[in-house]
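Each remark here refers to the structure printed beneath this line.
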Amino acid sequence: MTSSNGAHDAHGAPGTTADNADHPQGGGAPNPPQAPVAQPGESLAREAWRRLRHNRAAMASLILLVLMTIICIAGPWFLPWDLAEVDWNAFGVAPTLEGQHWLGTDANGRDLLTRTLYGGRVSLSVALVATLVSLVIGVLYGAISGYMGGRVDNLMMRFVDIMYSLPFMFLVILLMVVFGRNIFLIYAAIGAVEWLDMARIVRGQTLSLKRREFIEAAHALGVRDSKIVTRHLIPNSIGPVIIYVTLTVPKVILLESFLSFLGLGVQEPLTSWGVLISEGTSNMQGAPWMLIVPAAFLAVTLFCLNFLGDGLRDALDPRTR
Amino acid sequence: MTDTTLSRLPACRRHRLLKRIALATLLLSLAVPGMAATLRIDNSAEPGTLDPQKTSGVWEARIVRELFETLVSQDPEGEQVPGLASHWQLSDDGLTWTFTLRDDARWSDGQPVTASDAVFSLRRLLSPEIAAHNANLYYPIQNARAVNAGKANPATLGVHAVDDHHLEIRLERPTAWFLQAMAMPEAAPLPEHVLEADGERWVMPGHTVVSGPFTLSEWSPQDHITLDKNEHYYDAGEVALDEVILYPLEESAAALNRFRTGALDISYTSVPGGRFEKLRQELGNALRVSPLVAEYFYMFNVRPDSPLSDIRIREALNLATRREVITEQLLGMGQTPSYWLVPRVTSGGTQGELPMAQMSMNERMARARELMKAAGFGPNHPLGLTLRYNTLEDHKKIAVALAAMWQPLGVEVSLINTEAISHYAAIREGDFQLARYGMSATLNDPYDFLGSYTTGSSAARSSGYHDDTYDRLVEQSSEAIDPSARVELLTRAQQRLLDDYALLPLYDYVNTALVSERVHGWESSPMDVHPLRYISIEE
Amino acid sequence: MLSYIAKRLAMAIPTLLIVITASFFLMRVAPGGPFDGERQLPPEIEANLMAAYHLDEPLPMQYLRYMGNLFQGDFGPSFKYKDFSVTDLIAQGFPVSLELGGLAIALALLLGIPMGVMAALKRNSTVDYLLMGTALGGIAVPNFVIAPLMALFFGVILGWLPVGGWNGGALPNLVLPVVALAIQQIAYIARMMRASMIEVLGSHFIRTARAKGLNERQVIWRHALRPAMLPVLSYLGPAIAGIITGSVVIEQIFGLPGIGRYFVQGALNRDYTLVMGTVVFYGVLIVLMNLIVDLLYSLFDPQIRYDD
């Protein structure tokens, strides 16, 4: 289910629970390897990029994703219909190459291609912004917690545990119900939940990093704590974080679609892939295109994101060399 | 028994086979009496309670009616017929009802049903602790309002048992629709001797004592409820079904699937939208569509701070609304476009309609533009309005269509969709400009609709509507005992409300049910009441 | 060991208290109440209802009353399902959810782990792409799309399986919902397994094992598999808790009497007691699951060291 486990499946991702923090990278892999962290800088990125380029699935996915994004952003400008424009002569018509609605219309007589592209903007932006929110909160929180250690770390991780015990769906539903539904709230609500995993990962990274020579050297040289966190710890955790981001993006897209299915998505006339798909499922048998069109867009995007994520993981994780 | 094997066959063969089996089993059941007849119904939702006096939904009433018979009952078409009372009469001053109970009515534990059970039930219904949702329907009874407010002892309620078989109810003033209220499940007599002993949780499978044609034998929440035939029922010989299983399926697509595979005989969950024509072809007679005493409309907030306090804007919006597009293109289930508040199928024949019903669309648009211009709005100086609707696919379609229809007038609509509770809370608090509303009748009487717009009542409180003349007309109609005088008053009241453009009516609801062709005795009924005692099934 | 468990459980209590308190007040901030509906109640009747459920008392008073009852193990009556207590509802729904969720997880492990291992061994080959592509199918299509499609295809068109209903947990009724629930988990587990397997295979103790001349099969079965399964293990705790309470869509589509729906429906209906009950239940469940996973972890850990 997208709903709850979505928030938790990163327990499987590296170094998540407080108890196995000793195995930050491998989720318990024996003997943390001696050189898990490449030095920050160009070499790492270049090396990763070289390896990514050799992964055909990941590259194809990357190209498709870029294309999809461009189509969703620019596409609507070239289409004759507007997001909310009703064609009074075409309620729920099937896709046709002759008419004006290549991918058909929805039950309200609105062009489905236009709406799907607009929906893509919303879904992709939710994915991007929510992930970014989770990234910022999670990375800062995790880095501070890991770096400070001791009582502060304990307290901060306790809070994360509490957040975990709060049923996620319930939290999001309540947020929607209390504050009304709008897209910014969806960004924030999903982001506010997804940071938990990120925080745990970064904390694990930080814990292992801070015992290492270059951090101790920085200490010895009298570099300020805040600077150590931002200049050394965070950049050095970037690998696992990027991997995790590529896993979070598809999860967020699915979460958004699940919320839409529950009727808590974006407000009309705005739409998203999730909203379109949930409309489509209720018209599944009479008007299958209403489901197939947005579902295809969503599926392709998710496929690509996941393949790209795997590719990045392979490319960025030095031990998989 | 036949289900599992049958379901393995392809649909067409299955269909043929089903017919043959149906025929064979029909012959068999004629030959072998005593074979159990089971009816499986999708009841559309999980009942919140089966205590007749705490119910609030149709899906609850549907079960409760079978367990507890009312004094005044309903036949398959929804007409009033004798129930536990064999007859009743009203005194000439219209103030005293006398109900005569049947001699042979028994509780399922064998005890006789007496007039004092009815008195007990009505006192309980109006006591504040029970907090009955529909208690206000009984406020015409002497002292009822005070009892319900906790200001008077339930014993002071104007009901008493003349003897074991005669119940007398005294009203504060004549009330035309009171007999309707007595046909509600809330008013059914309750077994005093059981409630005294069992206390709060007396409606439990296995040991609930009932007076209706069925008993409650199983209740597994969110899964199913099983009713068994009540052998103590006075008319048990005429009840054809031995067992009824009710499922709380909310998803119309899921219910339809189960109906198609033969796992359901009746489904009360509406059918999935957007494919009605196809379904009609596929299901044929099994798809039953009939008008319902329920109205779909948009409520206007007419308070002074709302732009809709301007009657010209209310009229213009009404003019520019193409109701046929909504009923035919968006819904297409045979809903009637409506220019009134009281659904046409409501008993009593109340008339009255918005004047635009007779105008052409061009005339209407022209007048609408003029009105908007006079009110100071137009495409160059748009009027911003917010429109609220609760989460449901059809509500969304309609809201989107309305926004598009009003756009040419220079009305810019922002849609606000919330889940049901937030929606109704906003309506209750008057926190809206336009809000989708569905009013379904509790009683099959125009008062149920028109009464809500009288000062102090629900719709009036929400919308801020207030008109003394209207209030007076509705009140007079309620006290009018002569039917023709009453219709005239009601029609005048409705016309007054419509001349004020107090609301934006859209359509009269229809009820869609799936009823297998094996089921007999199921009739369309405007209140969606289908008593099981008249229903039989071919095995 | 026992003292560790006791300590963990003791630590869970303040966590739960905070969760309960936060949920209680958050729920009350939501607009409307349990008695708002299409049919607007006259004020005097609403007042009766509020009084009957103690909703007319000041909020802190209600909170204390709720906590008092809770300490006596009483979740109170449901507002929506008035004839049942919240305890009844959870007690009746949980076994259903447990059975569904348990079977789904079992199925996911049975399929996901071999898929992940195989993909890892044949990394970047056609087999890998095929397996991962299939697994991704489970993630790429939301389950509220897959489930009705399956019901339509296997239930209505082919007529092989019942399209819904619990039927006392009969096997044919279980198949579709369990598969629908498992699909996504299979995908997650396969991907996770693939990643951690690749990682383990690249680590130096495996290289050592190979250098010692062990054949590939021994390396994989005796040395790589167990450590590679650890991330899956730690995923299981929360996943089980999540799947058990989070199968709202599946329950709705197949008409099953689990507790997932109480979660969402309770919040949407403002059924305060039911929401609180499920929150408490979920909180306890997740605490227990995490504890079990951590205990299993500590059991697994020393063995890994021996292998070294």
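Per-chain residue numbering starts at 1, and chain names A, B and C are given in the order in which the chains are listed.
In this section, contacts are C-beta pairs under 8 Å (C-beta built on N, C-alpha and C of every residue); 3 or more make two chains touch, one makes a residue touch a chain.
All values derive from a computational prediction rather than experimental measurement.
Asker: Would you mind checking which chain's mean C-alpha position lies nearest the centre of all protein C-alpha atoms?
Answerer: Chain nearest the overall C-alpha centroid, as shown: C.
Asker: So which one's got more C-beta contacts, A-C or B-C?
Answerer: Of the two interfaces, A-C and B-C, more C-beta pairs touch across A-C.
Asker: Distance from the CA centroid of chain A to that of chain B, rounded to the nearest Å?
Answerer: 46
Asker: For chain A versus chain C, what separation do you get between their C-alpha means, in angstrom?
Answerer: The computed centroid separation for chain A versus chain C comes out at 21 Å.
Asker: Suppose each chain is reduced to the average of its Cα coordinates; what separation in Å results between chain B and chain C?
Answerer: So the centroids are 38 Å from each other.
Asker: Note the residues in chain C that touch 2 or more other chains, in rising order.
Answerer: 30-31, 148, 152, 268, in rising order.
Asker: Show the residues in chain A shared as contacts by 2 or more other chains, in ascending order.
Answerer: In chain A, the residues touching two or more other chains are 177, 281, 284-285.
Asker: Going by the touch rule set out above, which residues of chain B reach two or more other chains?
Answerer: Correct list: 253, 419, 421-422.
Asker: Under the stated contact criterion, what part of chain A meets chain C in this complex?
Answerer: 1-9, 11-14, 16-17, 19-20, 25-31, 33, 55, 57, 158, 161-162, 164-167, 169-170, 173-174, 177-178, 250, 254, 257-258, 261-262, 274, 277-278, 280-281, 284-285, 291, 295, 298-300, 302-303, 306-307, 310, 313-314, 317, 319-321
Asker: Using the touch definition from the top, list the residues of chain C that touch chain B in their complex.
Answerer: My answer: residues 30-33, 36-42, 44-45, 48-49, 51-52, 80-84, 88-89, 92-93, 148, 151-152, 155-157, 159-166, 172, 252-258, 261, 268-270.
Asker: Using the touch rule from the top, collect the residues of chain B that touch chain A in their complex.
Answerer: 253, 272-276, 278, 325, 329-330, 391-393, 396-397, 399-401, 403-404, 415-419, 421-422
Asker: So in the complex, the part of chain B that touches chain C is made up of which residues?
Answerer: 4, 6-11, 14, 46-51, 54, 56, 128-133, 135-136, 145, 148-150, 201, 203-204, 220-223, 247-251, 253-254, 257-258, 260-261, 263, 419-422, 424-428, 437-440, 442, 457-459, 461-462
Asker: Under the touch definition given earlier, write down the residues of chain C that touch chain A in their complex.
Answerer: So the residues of chain C in touch with chain A come to 15-16, 18-19, 22-23, 26-27, 29-31, 124, 129, 132-133, 136-137, 139-145, 148-149, 152, 181, 184-185, 188, 191-192, 194-196, 198-200, 202-205, 227, 230-232, 234-235, 237-239, 241-243, 245-250, 263-264, 267-268, 275, 278-279, 282-283, 286-287, 290, 293-294, 297-298, 300-301, 304-305, 307-308.
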